[in-house]
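Multiple structures are listed underneath, in structure tokens.
In what follows, chain A forms one complex with chain B and a second complex with chain C.
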Partner chain A sequence: MYVAVKGGETAILNSYELLAAERRGDQDTPELTLAQIKGQMRLALARVMQEGSLYDEELAALALKQASGDATEAVFLLRAFRTTLPRLGYSLPLDTAAMRVRRRVSGTFKDVPGGQVLGPTPDYTQRLLDFTLAATGNAPKPMLAEQPLPDVLPCVLDVLGSEGLIEPERPADGDPAPKDLTREPLMFPADRATRLQNLARGDEGYLLGLAYSTQRGYAESHPFAGEIRMGEVAVTVCPEELGFEIEIGEITLTECQMINQFAGSNTAPPQFTRGYGLSFGEGERKAMAMALVDRSLRASELGEDIHAPAQQQEFVLYHTDSVEASGFVQHLKLPHYVDFQAELSLIRTLRKQFDTQQRDEA
Partner chain B sequence: MNIEYNYGFLDENTKRMLRRGLLKAVAIPGYQVPFGSREMPLPYGWGTGGIQVTASIIGSDDTLKVIDQGADDTTNAVNIRRFFGRVAEVATTEKTSEATVIQTRHRIPETALKSGQIMVFQVPEPEPLRTLEASEVETRQLHAHQEYGLMHVKLYEDIARYGHIATSYDYPVMVNGRYLTSPSPIPKFDNPKLHQSPALLLFGAGREKRLYAIPPYTDVESLAFDDHPFDVQTWDSHCALCGSTESYLDEIITDDAGSRMFVCSDTDYCATHQQEAKQ
Partner chain C sequence: MTPYPIPQRQHWMRILALTPPERLAEVLSPALLAEHDAHWLRRPETGLVMLRGRAGGTGAQFNLGEASVTRASVSLAGQIGHAWVRGSNAQHAELAAIADALLQCPAHHADLIASVITPLSAELAERRATASRATAASKVEFFTMVRGD
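Right, the complex of A and B next:
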């Protein structure tokens, strides 16, 4: 005799315990602390903060620990927490030109005012597995430069700007306040501020693939990395009741200004155009991918043909979000008995018709 | 780190934003209202739209029923009921007749709904034209012009190819003679229950950020042709547990040899029927 499956609640509660045990792993190994994650997994932390749209190292470390290192799951945890937070106010626009730079490179000029500064990059590490890291007790001592970097490094693109060879960066007509995508639905056509916000929250892997496609003939935009800078930027607020600016702290950012070819149009002279990327922490891959996709999404504004996926607003922006994508792809494992039953009876009907037809023809 | 969540998880301003969206949805039956969908502590696809709608309308004097596939005891239904038990301390029930709010995924209960009840549908894809036209910009224009030829052609092509319409669930409906609407992925068996329903029917699509509604006693017509009228699924067998010949049946595989039986997908209806049979 068939008995309908019961006890879903007990099974769910037991799955919590099992998950917690798997997360903890071998109890003879010391438990991971949030300080260790914050201090030694800084790039994972930055990605989770970036796609989670919340700059909070402590919570990001907690999310990573709870998610056993799964970045997408950690982003989800952080987002579900963020959504409950009240808005106390908005910061003033960040001034990345005033960044306290720790890394700054340009792919367009051999030397730039202030120089090329490699900073803590893995770019030239030769990617040999470093077996000394397998042991603990490393205490590297980086050399101090003879002279400190200047407080402010001039922006590379300003050199081209003074010659009028690159489009000026101006706010949209009337300088409208940007929309908040976490409070309002994405609608089309989306303005550039909204697009950049969407890309900033977007999954790094997805943006990387799209950006790569623009380099391989799907929306060729001849990009050059005009400037990439990483360092600390002050966050300032101006509370209405006080009327003066207060610096509330600083955050680490990576900014990418991509320079792209543009042959000009009826109204615009031949000049270079910009693609822009910005990410929390040392998120260079993300910032560069974002800059390429930002530029490809400007196709209609610049009068370019739209023929590639990376140029199509709806295609790109509807599918960037890893929390949305992960949820909808994985919801297929939920019960679909009822719809499947409906499809099953439909297929049986169609099959019966097909078999009858075959028999009649034979 | 000790943090208290607000009643119903969402903050009061968000609930008000949702209720405003729902009022608009009720005022324009079948029209998809964009709303600032929030990120919920359950994944998209698990019912975040329905959960937000329920959270915005539920109060401590409500009685909540949650079903998935018609059943109160599937894991997702259990999980959502547990969520509201935790964040809204609301009374829950498995009885359709006792519930004031029923959140559902993929079914409408067999027991007829009453005036004063609210059904909340979880919707994965609110746009009935999406599989025919991928662009949201385009489909919004088609709705604005009430231009639904695409769907009629699709149904006609089904008839030309198979002899009948080959859509078995999420079967498109015309609401109040104006908007082509997705009834959510309920089997077409449930479509007739939408027509002139005494209950308020609310639809929430969290990931797609849309709300829509079918107010009580609204005309809801399943698309069809004069010579190919709308019909619903039927079974040769009856429910193996309660004997019903009128309910939607799930097929259960009972052994390795492929033996199968059919039972009601609506667990409350089936249990009630079994009780009545015993008396």
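Right, the complex of A and C next:
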């Protein structure tokens, strides 16, 4: 018998109000402003922009506020909003070599040209809870060096590149436009550009776990962090109405160049290979995880054995998206009353048969 | 057509885009803005630009993610001004488009370069130099331990 499921409208409307009340919390405490979220929760913002695949600090702050700080829900809100905006075009490729660096470190060379620049990193903190922040958190004014950094810091991997010890990274002939996963479905085998777009939008926790698995032996991986840089990069477009390129602003990016050992093949000499990660804002963990997974997914083109999950394109790329994953996992809580009735009556029938059989055998 | 060379226009459009909108509103005098009737060819419109990166920084292009961008076009004082600015601030695009039109207008050009673009450009350089000096203070100075034998 089919039972129509209707009703619950009032309950739903009242749940909205409960949600809003819980979001607001104690009314005697001042409400969070978007400026506070933008200014003081910058890393949460960066994650939401990266996985929401939309660089807009204001919207990301709003999404985080609306989602009560739930990054995955905020990503969903941002992704939904982006579908309402028209696509005005594509930027010219971001020139990360020209980044105005705020942090640049190398795990492979101590004396990199331009030096190791730590920037605003928690790496050297002791991770002790700082109870002074619970009261007032007035930051000291940063120390200023006599001289600014050079405008452009040379890329660390160029050192190896000049000796021919690392695979060169050049576009294919004609520098073709990449496939766009927001316009066409994911197809296999996916080329590197498609994989990088997928990983860039992918959930940080998932990529971190996969990246970790490659280090623990579930792939041929002997990585070094050749260079990590974070800072501001110019966004350039070439609008039709102008016919020339203009800089329209800048964004913060974190870039990670992983170096991996490669013993060579029949056609390629022994050399280092690359894994690449790029993330909006200060997203070092994400960029590093992305670089490791980018490299593990290059197994087939480099002729490596494929035996680990992080090397399997379909497994990795089909499960990176937190909006899809969260939706499919969480849809289970929606009414499945009719499906379940069918299962229930099947189990009852089988159980009856089983019980009869047991009785007959006794 | 604009009588000024493209690199010059690229420069002022860049400065207009990189200046915070509140600051832009301060430096563009209301009297000047009121002097001409603005005819909007395209009112500020926010949309998306897909940002592209390159594998390894120099290799194949890939789509990294989108950024919100606001654009506007205005006909003013016999010139057409365009603006594209990152973000979704309509006023920023509006002011930048008006300034772009006026900067192409010989009657206003020299004055606006001197009173708006040059100072804003200096402010930007100053902001960046200070930020860069703060970053430079976190540069590691390695020193070698001398072993006493």
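Keep this in mind: the second predicted complex is superposed on the first by the 346 of 362 C-alpha atoms of A that agree within 3 Å, B and C clash if a C-alpha of one lies under 4 Å from a C-alpha of the other, contacts with A are read in each partner's own complex, and residues count from 1 in each chain.
Here is the rule we go by: a contact is a pair of C-beta atoms (placed from the backbone, for glycine too) under 8 Å apart; a residue touches a chain by one contact, two chains touch by 3 or more.
Note that the coordinates shown come from a computational prediction; the quantities given were computed from them, not determined experimentally.
Student: In the superposed arrangement, which partner chain does A:R82 touch: chain B (first), chain C (second), both, or neither?
Tutor: A:R82: touches chain B and chain C.
Student: May I ask you to decide whether A:Q330 touches chain B, chain C, both, or neither, giving the answer as first, second, both or neither?
Tutor: In the superposition, A:Q330 contacts chain B only.
Student: So in the superposed three-chain picture, is A:A342 touching just chain B, just chain C, both, or none of them (first/second/both/neither)?
Tutor: It touches chain B, and chain C stays clear.
Student: State whether A:T182 touches chain B only (first), chain C only (second), both chains, or neither.
Tutor: The answer is both, since A:T182 touches chain B and chain C.
Student: Now for A:Q116: first (chain B), second (chain C), both, or neither, which partner does it touch?
Tutor: It touches chain C, and chain B stays clear.
Student: Tell me the contact category for A:I248 with respect to chain B and chain C: first, second, both or neither.
Tutor: In the superposition, A:I248 contacts chain C only.
Student: Could you say whether A:L208 touches chain B, chain C, both of them, or neither, answering first, second, both or neither?
Tutor: A:L208 sits against neither chain B nor chain C.
Student: Pick one for A:L144: touches chain B only (first), chain C only (second), both, or neither.
Tutor: A:L144 sits against chain C, while chain B stays out of touch.
Student: See if chain A has more residues touched by chain B or by chain C, and give me that chain.
Tutor: Partner with more touched residues of chain A: C.
Student: Kindly list the residues of chain A that each of chain B and chain C touches, one partner per complex.
Tutor: Shared contact residues on chain A (touching chain B in one complex, chain C in the other): 82, 86, 182.
Student: Under the stated contact criterion, what part of chain A meets chain C in this complex?
Tutor: Going through chain A, the ones touching chain C are 49-50, 53-59, 82, 85-94, 96-97, 100-103, 110-111, 115-119, 142-149, 155, 157, 169-172, 175-182, 191-194, 196-197, 200-201, 235, 237, 239, 241-242, 244-251, 255, 257, 274, 276, 278, 280, 294.
Student: Tell me, which parts of chain A touch chain B in their complex?
Tutor: 2, 4-9, 11-12, 62, 76, 79-80, 82-84, 86, 182-189, 314, 318, 323-324, 326-331, 334-339, 341-346, 349-350, 353
Student: Where on chain B is chain A touching in the complex?
Tutor: Touching chain A from chain B are residues 1, 3, 5-6, 9-11, 34-41, 43-46, 48, 68-71, 73-79, 82, 105-107, 124, 134-137, 162-164, 166, 168-170, 185-189, 207, 209-210, 233, 235, 240-241, 248-252, 254, 261, 263, 265, 267.
Student: Give every residue of chain C touching chain A within the complex, in rising order.
Tutor: 6, 10, 13-14, 17-18, 45-69, 71, 73, 82, 84-88, 128-140, 142
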